[in-house]
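Chain nomenclature is as follows: A, B, C, D, E and F, assigned in order of appearance, with residue numbering initiated at 1 for each chain independently.
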Amino acid sequence: MKVVCFGEIMGRLNPPGYQRFVQAREFEISYAGGEANVAVSLANYGVDASYVTKVPANDIAKSALRELKAHDVDTSDVVIGGERLGLYFCEKGASQRASKVIYDRKYSAISMAEQSDFDWNKILDGADWFHFTGITPALSDNCAAICLDAVKAAKAKNITVSCDLNFRKNLWTSEKAGKVMAGLMEYVDVAIANEEDCEKVFGIKAENTDITGGTLSKDGYIKVAETLSKKFNIPTVAITLRGSISASDNNWAAMLYQNGDVFFSKNYLIRIVDRVGGGDSFGGGLIYALREGYNGQDAIEFAVAASCLKHTIEHDFNEATLDEVKNLMGGDGSGRVQR
Amino acid sequence: MKVVCFGEIMGRLNPPGYQRFVQAREFEISYAGGEANVAVSLANYGVDASYVTKVPANDIAKSALRELKAHDVDTSDVVIGGERLGLYFCEKGASQRASKVIYDRKYSAISMAEQSDFDWNKILDGADWFHFTGITPALSDNCAAICLDAVKAAKAKNITVSCDLNFRKNLWTSEKAGKVMAGLMEYVDVAIANEEDCEKVFGIKAENTDITGGTLSKDGYIKVAETLSKKFNIPTVAITLRGSISASDNNWAAMLYQNGDVFFSKNYLIRIVDRVGGGDSFGGGLIYALREGYNGQDAIEFAVAASCLKHTIEHDFNEATLDEVKNLMGGDGSGRVQR
Amino acid sequence: MKVVCFGEIMGRLNPPGYQRFVQAREFEISYAGGEANVAVSLANYGVDASYVTKVPANDIAKSALRELKAHDVDTSDVVIGGERLGLYFCEKGASQRASKVIYDRKYSAISMAEQSDFDWNKILDGADWFHFTGITPALSDNCAAICLDAVKAAKAKNITVSCDLNFRKNLWTSEKAGKVMAGLMEYVDVAIANEEDCEKVFGIKAENTDITGGTLSKDGYIKVAETLSKKFNIPTVAITLRGSISASDNNWAAMLYQNGDVFFSKNYLIRIVDRVGGGDSFGGGLIYALREGYNGQDAIEFAVAASCLKHTIEHDFNEATLDEVKNLMGGDGSGRVQR
Amino acid sequence: MKVVCFGEIMGRLNPPGYQRFVQAREFEISYAGGEANVAVSLANYGVDASYVTKVPANDIAKSALRELKAHDVDTSDVVIGGERLGLYFCEKGASQRASKVIYDRKYSAISMAEQSDFDWNKILDGADWFHFTGITPALSDNCAAICLDAVKAAKAKNITVSCDLNFRKNLWTSEKAGKVMAGLMEYVDVAIANEEDCEKVFGIKAENTDITGGTLSKDGYIKVAETLSKKFNIPTVAITLRGSISASDNNWAAMLYQNGDVFFSKNYLIRIVDRVGGGDSFGGGLIYALREGYNGQDAIEFAVAASCLKHTIEHDFNEATLDEVKNLMGGDGSGRVQR
Amino acid sequence: MKVVCFGEIMGRLNPPGYQRFVQAREFEISYAGGEANVAVSLANYGVDASYVTKVPANDIAKSALRELKAHDVDTSDVVIGGERLGLYFCEKGASQRASKVIYDRKYSAISMAEQSDFDWNKILDGADWFHFTGITPALSDNCAAICLDAVKAAKAKNITVSCDLNFRKNLWTSEKAGKVMAGLMEYVDVAIANEEDCEKVFGIKAENTDITGGTLSKDGYIKVAETLSKKFNIPTVAITLRGSISASDNNWAAMLYQNGDVFFSKNYLIRIVDRVGGGDSFGGGLIYALREGYNGQDAIEFAVAASCLKHTIEHDFNEATLDEVKNLMGGDGSGRVQR
Amino acid sequence: MKVVCFGEIMGRLNPPGYQRFVQAREFEISYAGGEANVAVSLANYGVDASYVTKVPANDIAKSALRELKAHDVDTSDVVIGGERLGLYFCEKGASQRASKVIYDRKYSAISMAEQSDFDWNKILDGADWFHFTGITPALSDNCAAICLDAVKAAKAKNITVSCDLNFRKNLWTSEKAGKVMAGLMEYVDVAIANEEDCEKVFGIKAENTDITGGTLSKDGYIKVAETLSKKFNIPTVAITLRGSISASDNNWAAMLYQNGDVFFSKNYLIRIVDRVGGGDSFGGGLIYALREGYNGQDAIEFAVAASCLKHTIEHDFNEATLDEVKNLMGGDGSGRVQR
């Protein structure tokens, strides 16, 4: 049984180290995408994972697929066609200077894909889990329709559906997001969100919480999860809790709401190497743990430990191994040399 | 008096050294464009040069403008707006392996610009020369219309107009190119072309010439220039003559047709460092020489020497100095250390 | 109206990352100078800024000027001549290991310039502000004389004069500095200093302050500013307050003394990317804020926020934008990804 | 139907550019092996290719497998175990300075593998072609025995067997090579050799040939192929003909002997980017062409064109595409920019 | 009089920055070894230091010796021979992700050396100090025997012998280590250990201490030192005390036990640049201080300051100078720019 | 017995690859100097070589000395003092674009050294050969005087003196060079020159020779050597013969005049990697061969082969080994991979 993830894969171009865009004479190229990052996490833990997207027939897209294959992600359902691979430029922040992203993903092959490009009945054959995020329906009306096709097909096959809300203000408005996502959420079994998503997409706001200040109210977040769960009849809701001290130092934790039960993870104070993809690595960890049948506390601890490690790894993909995640989850975060 | 150049400026992303796209983990970023390269050449020779284009309000475009300013090109008439900066990926060939270009320039700010973005009467104020290439009208119908606005305004102000045919098969068909360019050529005073352009755009073919084989017929090219000159009443026509032995070694020469007189330059056997931008550096050299009042032989020798040096320089911009061009034109190509 | 800055511009050579000099096989080259850094800051905020210096006629100096032009700094009053461009080697410290600078600036073109090289009456035409630092008169007696020429000309034109004391023990003694600077300070309207400068140059010492220990006495610094203000009749005095926990972590704040009023900025705990040029970025921020007519508290907050950001940016130039400075000054230092 | 290749995969460490080992402060890491290079070539042309080897359970070996998977090579029959991944250090020559290889492959997992590690009956299931080289039996007596197991199993399944003699004087003596290889050659259907191999392994010497001088006698090589073919009853023998002008410039051609018919390819004068792996890319091209049923002349032209392109590509793997090989084979070696 | 150090020197291959092994396309190469690091530290402080090892006759080993010579370490007693230079791959950790070491040192020249390779009577001529670590006898039985030869010869010449226990679980078991080291310790005058070594080698455990938790009991460590001192009649025992908050932040201190007197150093909170080689730099500092006749408190402060600085320096060798160590030991850890 | 070389050692800063100065964002740093290059060549061949110079007490100079020590050059007679280490910037040419050198060596420690800095009687103790070049007396009048001290002391000790004329027009005029060098040549036993030096320094011109055209007259050069030999009573004169086809391709040969006998070497057509230091590597080869007692033909062949190889090696130092030189001298320049 496999996990199918659907979304975009982009070229990520970032200046080396802490250089700003305007200082860069070279960009590192890696490949990334909200759902692609999840697929890679799962494959790294030994799960059969398949990625579905559309990319053009050129060498940049070919390189993106090579990266997925290198990470054991099945790409045999990727559609080849369209004009361009989406790109994003990414500048690493430090201390009080925030990281900065310039999207150049408009007109990408996936954003201009047609519903007829994907035969979900066939794609989902042999799958027990389907994952997408709120970024994909935001790419275009077509993509929203394709997502709806996918979740309907999944439901028909009794496949678990997970969705990370992942609101992106550059791609659509809160109004449109709320409308489109509402139509998709009824098919969702596991919802993932951060502290902003629920508010921006569905207007569900955690009270007594100040994101920029870093204070987090446990009760507020329980309320948010409960509201989301009830509104769309979603049994499982996970919320990541980021305390952004600065671009260099973050607190990182999460909570899991399962049919009324609530589990808070331990908190990690992280010195950040690269935080982009952090949320996706949480999703990958959570799906792994839930599929493995972990109990609620263990599941949220695994997901948070996995994503804690991602913050210490360059680029979007979480290159932490199953053993490393379990080790950290088990309590060893001392960082002693392994030799 | 200044030279005004109009066209696109793109980010150029190339793998380091001889790496192929699929091997690249980083791309060098530089900035380039057919007419931008000409503007930089001219500014490097001490000419007042101004560049006109449209770029979006982001840091990648800002970096492109910084590069122009660093090279003393006036950017005060650049329009800020639109969605994205055009990009092109460029892989350096070697020996029997050709260089390869992947364009990702569609939907660029300049390609989606409006005629109303540019007030040519104001832009051309103080100019005695206007330069564009066949790439710009190929970007979009709007761009073709803007080019027409520009050359009409130039003509009205008695400004010399130069055009490098620069046919790009990825941007338009020969049919469309022929039609659009014909409408523009009547305003052109100096036409520049390589051995393919005249055939692909206007069906004017040099006889007894085999491009891939490297044999060049002098008579054939005289005929081509003459035909072009007469067809559109263009007094000055320059044709570059590239003998491509391999991606590493090229012969390089050119001819100039001026009101019936013909001048052939000497030939250079070049070990290539980077040949992209080679044609543009020829255009920049020719415009400089003609504006300085060089006689026909000297003008073509200057232009060919300038572009010979460009082939030894990384990236599109020709970083050769006026002294270096004159020195090579004067006969010293021995490459002895200057110390 | 423009700001004119006068001083040296040097090539800065630093090993990549945390390499020590003796480990380096390559040096990054950037360009820097106390007053050049200020000019770049101002141009980045949209101010017309002009830089005045003398550099030799070679490609290293040409590269330095290109960098200034890329940052919109006017270089038309730069004098070309002399033997060499000053250099400095810069090794980045970490934790308990201090950053290290090796100056190789002796015999530079500007240090050997003549008073006759600069026609201040003409250079200052159209200016409303002149800025220099204590480094420039320290370069040579000629440079001290040129500074005096400049401030006298400025005063005659009713131009505001700012000076950053910037004592450099490698360039002159406290005795000489005190004597020369005293002669210049009477023309100064805005004085900038750090906790050491006033003591080393004029013997004005903050009491109850232990630099290496990181304790700072507010009262002590008010006293220093007041003393300096009264001694030379300088209405505005700004003092930066660095608490050096280690080479990796600094506290950073400042105070502004304006005609008897005192304003302390908030304090930033900074994880340092590159602290060289930090003081200059403060100067650039302060001049911007004062010229814009900010009130005392806003002015010092702007200057400190600007220089806080500089500490997170590689090389001397402050590549923070006006929006970023205002944003941090407004309270958002959480470093959340901007996308 | 698939091709199975068996041998070692090593980490290849080379200094950047033309640096010598003693100058290097960093090494590029790529992955390579005589038969692995063949498998990658085949997969690049769209052939189902599987690689069989043994590598230890560490991250360096994991990286090697990732590279194979990225190139669509099936690694599901790779055995995990043993102590170390073989390494080789590789220094690029230039002009009169030869390239230099330091092997550090002793005690590698594959060299210490046991016969029981590989179940050839199962591994060769679904295969129609098996490929190995003379390097693998040279690694150890065990490896020689494993090769014998493999070719016997292949023969029993009526699978075509190809072998590149690839004599390595650092791994064994001519005497031992001759003895071991003789035992293997009787199972071989397609033999590949260069001008030295036949002499060093079987004492079959081309007459009137001077390798270092670059003169090649056609008749001599026909004789060599014929002798080898008859001695071991091998229907197809291919011999590569390298004319080494210098480390920078080589002539490159080959001949194919098929049941008495002889085909000589055209000759390419190559400016070398990286010639290591050149012979393997010839093998990969030849196997592709023979499996596709190309006639003798086309087969040898394809194999030589493929390997000509490899010489222009960094590292061992031939990243030339099927289209590029066909294009060069079709006559276009002019290296004109593809855009 | 000189210090002789005996052990291995390896090539150290690490990915740049925070890249993981599986992400690396290049490795930095440096040279390292427990005792080699000590020799370099000593030579950097001006001590005559000689290194004794065995390396093969190839360019990688030649590069290793060049590094030692560049650091003024005498290599005239290095034996040339054997098959390979030991290597180790080293991945830098961050925050909760630990650093990771892959050893590829088996079958190295030194590990396969013979007792007859080293004439200790001659090698130790002119020496007053001999240093080795527990790594070297762990390499092979031969190496253990060679160590025994060395310490016996040293004792016969009345040379001080120091030994850093340095237990490596990848090289031998606690049982074997305990047995072999016990035989060597009776010749040792100065023993160095970290909090794990004594337990793993001799079963001497500090009570009330939790390594991963970072709590350290002073009394427990005094007890450990005392026990070790008495068991083997070793007058001087030094124990390093690392509090590993994370891979990015460590507390670092040490204690010295001298004939019953105990000295604890101050503690440093270190932001880590590269902690590999940290223990060796402590050993180098301690030997320097003891040889110079520092009192107990000064000796341990010098050793800890030296190794604190090492943590801020890339690669194994401690490139801190004598002045820098003395300066930090004297109290200046503020990291202010030195210019 | 050892060879003593005297002169400058500089930091050499070159952009990577074929970048021009104005494109460089980083410079490779290596260390070089006419006589230092010779000392390194000799030490590489196993000769005891000592270098004498003066460098300042900073880390850049320390790095220079480390490089010498790494290459087994004795630096114990280097004087520490003065203000700065000389630098030179070096841009690699290609094809028709010449390499370019910017000297920044004025005011270097050695150029401002005093005669009293060097006690030649002591320095030359144990030496049988002293080498210097025409660059050193050109640095300053002091340096010329120091050279005279050295050669006089050498002569008194019956030490062979070699001098490479090495005229540098940036350092002095032909007039001054002629005068100073004449005073030194009378102590010289072996003179080395290229085709320009004799003319520029002593007005001895080869007839029928056109440097830029690449034609060389054998008779002309014999005449030059003979004239030089007779004028200053120098028994041995060697002249290098460079045919500069372009910055990428050179012919390289030399002639040796020994007491009336003339030996011409074979000619090498070289594809150049880095030609700076080529002449010095010839000097190093020649001194080695003459000291070893090679006959005239072998001596010139060794020196030319050595320097041919240098042209294929990055940076000034000739990293070719004795075996490699002998191998090329013996006729193998085919550049076949050594494995």
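Simple rule for what comes next: a residue touches a chain if its C-beta (ideal position, glycine included) is under 8 Å from a C-beta of that chain, and two chains touch if they have at least 3 such contacts.
Small disclaimer: the values here were computed from a predicted structure and weren't measured.
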Option reproducing the contacts of A-C, where over half of them reappear, out of E-F, C-E or C-F: C-E
Most remote chain, CA-based centroid, reference being chain B: E
Proportion of interface numbers common to chain B and chain D (over half same, under half different): different
Inter-centroid spacing, chain E versus chain A (mean Cα positions, whole Å): 44
Two or more partner chains touched - positions in chain C: 17, 20, 22, 25, 66, 100
Pairs of chains found to touch, sorted by chain label: A-B, A-C, A-D, A-E, B-C, B-D, B-F, C-E, C-F, D-E, D-F, E-F
Touch list for chain A against partner chain E, complex: 17, 268, 270-273, 308-309, 311-315, 319-320, 324, 328, 331-339
Residue ranges of chain B in contact with chain D within the complex: 17-20, 22-23, 93-101, 103, 168, 170, 211-212, 214, 244-249, 275-276
Residues on chain B engaged by chain A in the complex (per definition of touch): 13, 16, 20-22, 24-30, 58-60, 62-63, 66, 83-85, 87, 89, 91, 100, 102, 104, 106-107
Chain A to chain D touching residues, read off their complex: 66-67, 69-72
